[in-house]
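Consider the two complexes below, in which chain A is the common component and chain B and chain C are the respective partners.
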Partner chain A sequence: MSGARLREGARAGLIGGAVFVFLGMVGMIANFAGLSLVGSQVTLGLVLMLLPALIAAATAARPRVEAGEVRRLPTPAAAATGIAAGAVTGAVVAAALLVVEVVTVERIRSVFVSVSPTLVGIVAFHRTWAVAAAIHVAGGAVLGAAGGAYRSLAPDVRRPVAVGLGTVLVLGLLQRLVPTILFELGLRSDWLYSRTTLGLTWPGAGLAFAAGAGGWVIWRRRRRWQPGGPLERLAEGERATRIALGAVVLVGLLALPLLAGSVISEILGLVAVFLLLGLGLNVVVGYAGLLDLGYVAFFAVGAYFTALLTGADIVAVLGTAEPAFSLHLSFYAALPIVILLAAGIGILIGAPVLRLRGDYLAIVTLGFGEIARIVFASEWLQPVAGGAQGLRAVTPAPILGIGFRQPQRFYYLALAACLLAIFVSRRLADSRIGRAWTAMREDEQVAEAMGISTVKYKLLAFAIGGAVGSLGGALFAVKLSTVQPDSFTILVSIVALAIVILGGMGSIPGVVVGALVLMGLPGLLAQFEEFRLLIYGAVLIAVMILRPQGLIPNVRRMRELKEEERLQDAWLRAGEQAGEEPEVAVAGEEARP
Partner chain B sequence: MALLECRDVTKAFGGLAALQGLDLDVQVGEIVSVIGPNGAGKTTLFNVITGIYEPDDGRIRFDGQGLAGLKPNQITKLGIARTFQTVHLFANMTVLENAMVGQHCRTRAGLVSSVLRLPSQRAEEERVRERARQALAFFGPRLTGYREDQPASVLSYANRRRLEIARALATEPKLLLLDEPTAGMNPVETQELTRLIGRMRDELGLTILVIEHDMRVVKGVSDRVVALDYGRKIAEGTYEQVAHDERVIEAYLGRRAVESA
Partner chain C sequence: MTRAATEGLSGEGVGLRRVERFPIRRVLLVLVSVITALFVVIGSWKTLTLPAGRGYSAGAWRDFLVLGVAQGAVFALIALGYSLVYGILRMINFAHGEVFMMGAYASYFFAAAYGRSGFLDRSPALALLILFAVAIVVSSSVAVLLERVAYRPLRRAPRLVPLITAIGASLFLQHAALGLFGAQTQGYPRPDALKGSWSILGVPVGRVSALVVLVSAAMVLILSYFVRSTKLGKSMRAAAEDQEIASLMGINVDRVIMLTFAVGGVLAGVAGVLFALRFQFVHYSMGFAPGIAAFTAAVLGGIGSIAGAALGGLALGVLQSIGPALFLSGFNVPSPFQLKDVVTFSVLVLVLIFRPGGILGREEVQKL
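Now for the complex of A and B:
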């Protein structure tokens, strides 16, 4: 029995060790060693070195089914399993160090460029191999014991600890944002963030942990104490609460660029552009269930048509030149035209693929996305679209002579566009059209048999998705002031889709969170940029395994599911009081009032 | 005049003739049962009537209008609604939303009025909700109350079948096609549904074409029974006539059984 557990621990340890070695070989450990989270000792690199053993141990010690029964391990057994996992993790790392020792760093580096002497120094703690190996195995065992024991604790203890540590990590990572905001608010930040390491101070980290853990406990308590379910409470003060909450959020959003400065505003502007893409794609994928991998086409259409309609220049051999086709409309006159054009192109793209579903649709739309980029970059369109150099000097979209290129101002333009897109999405989702989309996504043939023209509603989804995407493209052109085909690669489609999937398909708050996480976080941490795609991939895989419905799935439906039992009781009680027993009253004539 | 008129309807899948020159008339206000052994072409008949399959030959007229070339959604709009042999609900939509989808073809709110939530759209949504509730209320308390807001996926099997019928009723049909409505139901539920089929005709003025295997249901509801075998009509008449027809018995039990009987 315990032999099986040790084997389980060792297997988790092997995986943990492999993850550790991988993180080192791609360069994350060395790169993040300079990013202090707490004090000068705890860097993100160190956290990455600790996590594999901890997570391997916690995973190995999780409750599991034995002989048909769920068994939760007692703390000593969990710790023992954890020690096995942690020690094996350390041993794998030690083995990797030995390989480096024998083969030498230089030779490995010619293939794995990130395996640098710096990295080896960090991982080996600047000691000889034997000492480093001992530290890794022993340290891994200690970490594993902690991880295993942690997993055996009751959830009431475990959750606050996890939330507290999470708070410390997030605040540590937001070290560029939070101090700036505190400064702009006229508050001191040196009690929370160190001026020398830029990370949290130890007292600050303690406070953050206490705030996170305590906040979690209080929030849980409050929820337990309150009478009635969340649905009931929502209904009671719904309107007033919603308006108040909305006002607070709106004021916060309006004040944000003033508080956060231009660097953060720049990032938020990019988040907003991708939020628009996410919202548009959410209509196509989330609502209508049409997997579109060529969504970048609309982004490109929006950017290029905005540039052409507002009078941008093409880059010529000598300086710049007027494109072969160009209008000099104001941005706000051009925008409706761009949106209508994009909607029309959405219908044109949608029409030939109406009969395709799932993977086939994905492949064909993938092709359309590439076609759009190649057409705009082509020699044939060079006189209009400027070929590979593209267009420049796009309008800053001035209102009364005030342009919106500057990051803090662009933020407001983008915010307005996002709010509009959210408004339209919500209204559509909660209407006859939204119902038709949902029905079509669930079962196309049955939807058709219930009188829904699937042709019409597919095309409508493509048109609206295209329109919102082109709005994102138009803003993108304003933001950069140049439009180049390089900006419209397949990666944009994939990021937009990742935003929708991460947040939860068909959920607008989900799309917002997805855009913030995938576009905002890498922007806030310059060190992440290099590993962005790797992190995207890892995050998406984790979401697919742990939470396939997305981070914030369709909230209303989840609530309803939880409320189900309570409502059922209430309904039965009401039935008894009325003097009839609903379960017995069959739907015959006698049960009808 | 017949509400539904099928003349010489033929449909083959590869070499397999699912329907061979079928003639079928359904009069207004009639309840007609279609019976026959497995593979007799009963469901194919429904699929051809509702436009899911295009017939190879023959013509179908509904309410005086030919159905050739119409898409399923257009046929539904003309007034033919159906249920499916295996339950096909929109599992992640609520019970009420499922029924509201049925009202789709009777409403018209478009893009602009939905986004701006114009008074006409709000009135229409209210009406859709009202009609959907009426359709659900036809089954007594089984689909009303708290159940309205449950996802269809949590319903019991019998309730899923009922919801499918309610969704079909919400399309405000003239002709209702029920494909084995009592399959998988227990005897009490079957009896209840048998009564309900009669009530749909009497109270809602529907004409009903029903595929059924349970002979007690067939006996209980049918004005007329049509028996199919290998895509051909082998008998037609009252339940008594068809039940004692030799060819029907033969189709169900096989030739040898008839001879030895």
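Now for the complex of A and C:
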């Protein structure tokens, strides 16, 4: 048995090592080494260096189903497997360092631009090769032992540890948000966050860990009788709790820009715009099951038509000029027109592609999205849409004379739009229309046989999704006061899709969390910006493979996705508890072999 | 039964029949096709009757055609990759454009080094062979890795799931290349032997265009021999027909799928070098537009068919290089070639609406 286990461990270690080397070569390790999480020692770069060995070991030592039973390995065997995985990971890294040593950094750098002396210094701990190699192999073995042993523990011990570490990580990542709020509340923050490294202090990290782990244990003890994970339960939760929670969240949301200052409000405004996109796309993808990759078209339509209806300038040979078509409506008069227009365009785009399904629909809608961008950017429409330079000086949207361009004010406008969209989505999901969408998504033919007009409901999904997306576009135009075709590439569609997928298709809380994580986190941490899209790509793959129902699943949708599994494994209840921890899915995107 | 009830029933019957008698969809489709046809005919007519100074000369059209054929040959090679994978997995490998980009980018480093050392000009044939080999190795490795990591765990998942994964993989590979190789556009050297043009039947044809067409044609022929006559090719076709029965016949379907990705990668690698030689640059985002265009070509020709992909590639290449000038110049659209991709996507949409099986494809019995 042990031979097979060790081989498995070594295999996981090879993959872990490859991931480590990739993270280094792509520039993540060096870049994130500048982001302190705890004290001056633990940076996000260091965490990235630790994770491959840990995760490789934990994967190699995971419980297996043998003869219909979930078998956890005994701790010594798990640790041994883990040591193999970790040591091999370290050995791969050492080998990569040897290559660098022999070939020299400069020559590698002429091909792989991110392999810098800084990176090599970080990975080799500023030591000679032999010492660094020894550290990597030995350290990898220690990490592997920890990772393997962790996997052999009972869930009652494992979960609090994971939640505690997750809390530390999240608080460490929110190092720009939390201290600002504490400061505005008149509280001291230097016990929690260091002023020099900006990360958590060691006592602060200890407190965070204790709070996270302790909170989990207490929560667990009170709710032990309920099945399912805590997030799923929250989604299903009782009415009173939810109303109370909703009230608290609303007050928090209203107070947030006052506490967090204008920089963070700016980020929150962007999060809100993408939240709108996510909510709209959620109607199309999550509810109706139509994968729309051209969603950016509605965003563009919203932005351009808002600009044209409220008044904007185009760049002319001499200074700026009035576009060939423009009205000077107020923002609030233009908004309904824009939304109706976008809904109409949704129907127009939807009508010819009604018969297409799945991947063909995705590609055709992608085509529509690109057509929209190219046409808006073309010289042909230059007199109206301003060509590649786009439109400038979009009329702002004031309420009672108060301008909304200022980030804090804009936040309230965007928040109102988001709440409206959330309300509409919720009501739709529970309505006859929402049920028709569900039926259609599950099986079109059966839905049709039950008397549901799939034509009508598909067009309705496109129209409503388009309307919400255009609302996002309208806000985007007002926020930036410029509208440029570069802002409307396919990437916007993919980001919106990633938001929906990460959160969970068809789940509104999921979309909110998705937007906060995918748009908020990179906004808060400048170091993320460079790798944002790389991480999104990894998130899309990882979520689809590991947790297709998303972080906060729509209960019904999850049951659909898991139906068969559940039927098969009904007698394997114990295995259900081996689900993924959310923070692993967020932080360990591609570190999973 | 009361009179009212029977009337109600018959009334409903009339209503149903009336709905059937007025097929909105078909009317819409006819309208769309008439408008498209009118647009194309009037546009071409107006362009061809433009006054001498503003229109295009016969020579210009001939050059458009040659460039279009060369462009189409590259599309055809990439399209084959989509087509092969779609044939077996019924899945659009959205990341195939990135597989193409990886091959081109990897060969760039060799090309640049050979360009500096003069090897590229001294023995261009050998140098080009090495470039092709590098691109082939890298592209097919990336394709196989992609299949192993991103697609194999999802073999039995609902159809949307692997598609979303493929989109993620495309984004991931593109930005991995950005992180690995940097954001700048790199100039791809061209050997002296490929500069200038040959005169073929009195028509000047750029040497690179000639090379592109020749190599592509050779690759298509080799591929069709491989798929038709070798054992591996036969097992590929068997797996495309029915995976379950193929595995009952002793075919290792997982291996065949891996092989399919590898073959697609080989073609993409060759296409990558040809593309880079023709446009003389590599960039991390270079895979997206040709990828979509090639997918369009595969659909246009009939996805799943080798001849279809080749034909679709050529048709699309020519359409892209002639179309904007021919259809749009007549309407006084400034810089019509900016709208080249609009032509691509319009073709895609029209084909999918009117003839989802493509030119050579068979109509699939079940709906798309």
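What we mean here is this: the second predicted complex is superposed on the first by the 529 of 593 C-alpha atoms of A that agree within 3 Å, B and C clash if a C-alpha of one lies under 4 Å from a C-alpha of the other, contacts with A are read in each partner's own complex, and residues count from 1 in each chain.
Note that a contact is a pair of C-beta atoms (placed from the backbone, for glycine too) under 8 Å apart; a residue touches a chain by one contact, two chains touch by 3 or more.
Everything quoted here is computed from the prediction, not taken from an experiment.
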*Just chain B (first), just chain C (second), both, or neither: which does A:I433 touch?*
first
*Which partner, chain B or chain C, touches the larger number of chain A residues?*
C
*What is the contact status of A:E448 with respect to chain B (first) and chain C (second): first, second, both, or neither?*
first
*If you stack the two complexes on chain A, which partner ends up touching A:V364: first (chain B), second (chain C), both, or neither?*
second
*Could you say whether A:L533 touches chain B, chain C, both of them, or neither, answering first, second, both or neither?*
second
*asked:* In the overlaid three-chain picture, which partner chain does A:M544 touch, first (chain B) or second (chain C), both, or neither?
replied: second
*Pick one for A:R355: touches chain B only (first), chain C only (second), both, or neither.*
second
_Those residues of chain A which chain B touches in one complex and chain C touches in the other_ = 561
*Touching chain B in the complex: which residues of chain A?*
423-424, 427-428, 431-433, 435-436, 438-439, 442-443, 445-455, 460, 464, 557, 560-561, 564, 567-568, 570-571, 575, 582, 585-589, 591-592
*asked:* Going by the contact rule set out above, which residues of chain C touch chain A in the complex?
replied: 25, 28-29, 32, 91-92, 109, 149-150, 153-154, 157-165, 167-176, 178-182, 288, 292, 295, 299, 333-335, 338-339, 341-342, 344-346, 348-349, 352-353, 356, 367-368
*Can you list the chain A residues touching chain C in their complex?*
22, 25-28, 111-114, 289, 291, 293, 351-360, 362-364, 366-368, 370-371, 374-375, 377-380, 382, 490, 494, 497-498, 501, 530-531, 533-534, 536-541, 544-545, 548, 561, 590
*Would you mind writing out the residues of chain B in touch with chain A in their complex?*
50, 52, 71-74, 76-77, 81-82, 84, 88, 90-94, 97, 100-102, 104-107, 109-111, 114-117, 121, 124-125, 128, 138-142, 145-146, 149-151, 154, 162, 167-168, 171, 188, 192, 195-196, 199
